[in-house]
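The next part holds the structures, each set out as structure tokens.
Below are two complexes that have chain A in common, paired first with chain B and then with chain C.
On to the complex of A and B.
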């Protein structure tokens, strides 16, 4: 018997939170311009929203020193600012993005203290914002689309964000929100690899950026329901390296506090995180493996 | 158990059954491409998106590699659907095997849609215009009121004042299948009619729209045009006013009918007329697959079988009357009781206990809906028991065999029937047996070979 109670939400309704890398230091070095990149992304967003009327898209811009929501499809007002042939939906996005970029630039000029900082984006900030948004959606009632996060990142990792990023990743894991990542830079991002690995998302590094739209639709438009029966790229190898808490350097080997699992690149007398006093290392100068532990991959 | 035959679960089945030329014509409209894309199964959506910018045919063997082994059946369903809707065209090559191509018109339109977004053929009215637009709340109330009026007229056609502007001939069409015309006691709701009333608004709406479309040819309207207009309508923004003069005559006539159903609200301005789509209209393309309108419940069911319904609606009262005894009515409250007689009456009319229970569950008052279970268990159990009371006997079509030539043949026949799962009764002493009529043919063949 066809039940009177029809299912209220079909399986493939999704909420996509897109983290957009707007770091000017990165975009000045790429083969495609930011606007070309943006046209691929906008088409992708349009496609995602076209797949289901209930699909929702949120875009968060990740800048050099700040991040902000720049688009939310659920709250777009109906006044269409259709001008110069742009899709009505995205004129507000572009406007906000422009505001954001200028504001971000000002901010980064203000605090030019850390000259030696790597030109990384504030991934930890935007990840947390995305998770906050998703948390709100979860609390809005039992009827919500299935959320997932997609990081479109190009700039390299900022080791100083290590703790914050890892914490975000673990909360995403707890919420069972997969973090997909599409790395468009030249190096490889250990953060993104770990994020996707731990949360069960997909990590991919497109070979050619000209065909970004095809990569995005083929891999990252797949809703969580369909992922159960579609071939998706598998991780070839995940970079599990951690950053030390003292100098924020990415390290292969280091010291770990046996109480709170903080990581240090050199020996300390006392843990700076939890205050435990370490015993004198017996093999201080000997390069033995026993006191230099690798950080275990699946904390 | 009676089957609910009347739910038009998938509107796209109707679209798929259109002749090829009409279907190709439909794809000229960007919004229809979009609506159809949305109605596809998830995997099919993915294929379309993936092949959006591929112009060469994609070999079937390659597509099979896109899915995991578990997804093979889903893959086939998706491909079949795409071919059925003529979105994919199949190209068979003896050397390379089968390959698929995306319908070029469809592909083009979707590409356009994805890059530049959809632009409706008509602009909404500027907000600085003099006419005051109804608020979303008002609009929703209007839509539901209109829909209720329509339903009331539908079930009360014999003795009811004319509430809506729907012509009686149109009403007859909608009633077809829901009401039986009898000379003596006037029109009566049929089994499916009762089931129809217990469905949620969106399913009801789809049933009516489907009837409306399938009847289009009798009114000299092309069903394809009608479908395309309805789908287009679902992309309009709820609560915005659109000018009527952007429509063709046929569309304007259709719109009048839709206004009677509560899908749009017509508003007369000083010079122009406007139409304002309501939530019912904009949900049309959603409800192709699923419904999302949730009404607040109003029924409080007590363990002593008494039921209090906080409703002023005449229609709700009529619906409750289908399976409960109305005891008295206060301005905002209907008090009724579920009794054995009232339920027997309902079962007689072909309503099942499950339908009644789901109806009660779906419409239970917010305060009760929080409780688990929202309907007292003794009531649901009793409703089921009373239904089971009426079904003490189960009927099965069967065939009776006797006069077997020998014990061996009889035994072999018994074993054969048991193997097929069709043995109902056997009497080995007098060599008689009864089997389900489904396997009568196999049985006969078997006995033929035995007798040789």
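On to the complex of A and C.
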């Protein structure tokens, strides 16, 4: 296959790494069921693979307490024939997904993490896994499909993952891998907006979830090469809010270390990241508000 | 003079390691005294304030004892350890004030001389920077020419800019041309057989560098035995003989003319150098792969100067040079670069300078260790071309993350904004997972839902997407990456950018003037504040003047600028109030009046 492939890898061959939100707390609150959602997603994946024979799809489940690869089209054997009219590819995906959910549940019991954590998914984990996979593809030689990441996310952001998520986003930016994001929850996600904005991907929040397949194929099926010719939806503003490094609270105003750019919600004597000692101006009490830097939605 | 004197209990240290002598530090405007508690101690001290050049002090947050370290103009330093920071602060402020007084009297002439004394190179550098950077030029014009900032203040914040460029003035040495000397073509007058060579100092340098024997011969013969002109005529005669490849003729002429023979014989000096180099080669090096390249002894596959094959005549061997030899030698010299700094028209000076360099090199090369060292240094020098490298002087601060969990996770417990219904979620963990698994089972059993999507839903999606895209296009502009600035008329855009640059310049000077310890800073801050108010009203005017459809966006751009200015104004007023309150109370601990 490789030798044939080398002749055929043109700029529109894609590697799509899909991050699938499997957070049970999110899926127990939605208007469409998880199975309906999966129908749309599987059909979309099928469409992507149909667009080009060499397209590759990898699916990573973003759970509540763990993440894992649940599907890789390059390694799954494609023998046909199961019942209910589904390609063998997807029955293997669903099988893995079921195992994953079972394990994820056990982990959440074990760690008892749910006590005071926001019911967010481990986006930072699955982003890192996606980037590792892509890094491996990059190192396999210079003939490879064009990678991109698509986050299908519904749960809210976990501010405690801020640093890890931002680090992943900047790695993706360096690798020039766009992160597309499709947010299907109720509030919009600042993480995903920033991820797509920074990496040059597309961010969209569908209005109606029963048309998800249409959104996915219309917006997110477009390969990177073709994006140069297609008008894709562009968000008017980006939520640039950050989390403070000290409490991982989402803040829109705070203190920034002038040496390492760490963000704090309150004045510290010393930067906890780089150790720089902050001088305390005598007038701090008078004008503490004006010293803060504001980070607000950009327009 | 209510506060004409300050006295504090201190320990005086003559050096950092000195445990210190306890006593009193008494500071008056013109002088400071240290009186040790023990009258027998001989560490009494008397320093004229005007002799103090600078003072350094420890910061409260640094966990160090409160030290004040004064340096006098002779470079001697006096360290005082105070009992607490407040004492130190008081003394420091007192000295600052006294120093400012000292400076003020002779200041008026001093300021102008300081810029006069600037060396020409610095001034030139400033002009060059202004010339090359129109933005800088505009700022300079706006603030220095209108006397908001002094020339020195303006450049003080740009030391990097000046420093970097002066370093960059290039230590890179100019190499030799890669053209070979044998490529120099004579000009002919077309009638006689006479040819004329035009020798430039550069060519002469190259000949001397490539052919040490010629260099030596020049030193030996010119002018005692022959004129420079005769010397070169002979040299080119020899070169001509080489090029004819007629070794028999060359041998015959060499036999008659011993000076000419020098040019025709193999270069002894070169051969010696080569032998020396070979001796310096690491004895464990396997040279087999390189054997064909050894240019000094081996016959080089019979390729001659112009590349034609030739029959070897062993007896006249020494009168023959090969193209490869010439190429190798030339390459070596090009790589060495211009190893001397002499830029003289006088051929003899050049020849002697080259010889000296060679001798120094040889002396250096005598011990293999030093030779290796030199080679390494040379290699690292050659490998790192300054102008190809990023500036190396990044100030680095290593991270002090002790536990990565502190960095990636919460540092102070899980004080999180608890989501709505988090408690309810907890109870339902099992239920929620159950639901999820049920869904997966369902799709495994029944397959994808049919139909996947209803046509009218699809249609709705298309319609809403089209609408989103077209409205976004209106707001953002055609090119999604195009910034709003590009949609403004050019003059407005330039104005916005310039305002931003000048506000930054003003704010930088403004904030760095606090805390205000001298009258000088007080005046400076006043001037800066006026300039900022000016800019503020210009911003307002600009907002008014833009077209109405752009006004909203422009005001969004202007808002952060105004916020930054507002913060500065607020600080200015608060500071002023505090000062007034303090001076009203008759107490002036902090200096200026």
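By definition in this document, the second predicted complex is superposed on the first by the 268 of 299 C-alpha atoms of A that agree within 3 Å, B and C clash if a C-alpha of one lies under 4 Å from a C-alpha of the other, contacts with A are read in each partner's own complex, and residues count from 1 in each chain.
Methods note: a residue touches a chain if its C-beta (ideal position, glycine included) is under 8 Å from a C-beta of that chain, and two chains touch if they have at least 3 such contacts.
Because the structure is a prediction, the values reported are computed rather than measured.
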{"item": "Chain A: partner with more touched residues, chain B or chain C", "value": "C"}
{"item": "Contacts of A:43 with chain B and chain C, given as first, second, both or neither", "value": "both"}
{"item": "First, second, both or neither for A:213, with chain B first and chain C second", "value": "both"}
{"item": "Touching partner for A:52 - first (chain B), second (chain C), both, neither", "value": "first"}
{"item": "Partner chain(s) touched by A:231 [first = chain B, second = chain C, both, neither]", "value": "both"}
{"item": "Set intersection of chain A contacts, chain C complex versus chain B complex", "value": "43, 85, 213-214, 218, 231"}
{"item": "Chain A partner contacts - residues on chain C that touch it in the complex", "value": "59-62, 397-401, 406-412, 414-419, 422, 425-426, 428-433, 435-437, 439-449, 452-454, 457-458, 460-462, 464-465, 468-469, 472-473, 475-476, 480, 514-515, 553, 556, 560, 563, 566-567, 570-571, 574-575, 578"}
{"item": "Chain C partner contacts - residues on chain A that touch it in the complex", "value": "22, 24-25, 27-28, 33-36, 38-40, 42-43, 84-86, 91, 94-95, 97-98, 101-102, 104-105, 108-109, 114-119, 156, 159-160, 163-164, 206-208, 210-211, 213-215, 218-219, 231-236, 245-250, 259-260, 269-270, 272-283, 286-287, 290-291, 294, 299"}
{"item": "In the complex, chain B residues that touch chain A", "value": "1-4, 7, 9, 34, 37-38, 42-43, 45-46, 49-50, 52-53, 65-68, 70-71, 74-75, 110, 113-117, 119, 124, 127, 198-200, 202-203, 237, 239-240, 285-286, 289-292, 294, 352, 354-355, 358-359, 361-362"}
{"item": "Contact set on chain A toward chain B in their complex", "value": "1-12, 43, 46-47, 50-54, 78-79, 82, 85, 87-90, 213-214, 217-218, 221-223, 225-226, 228-231"}
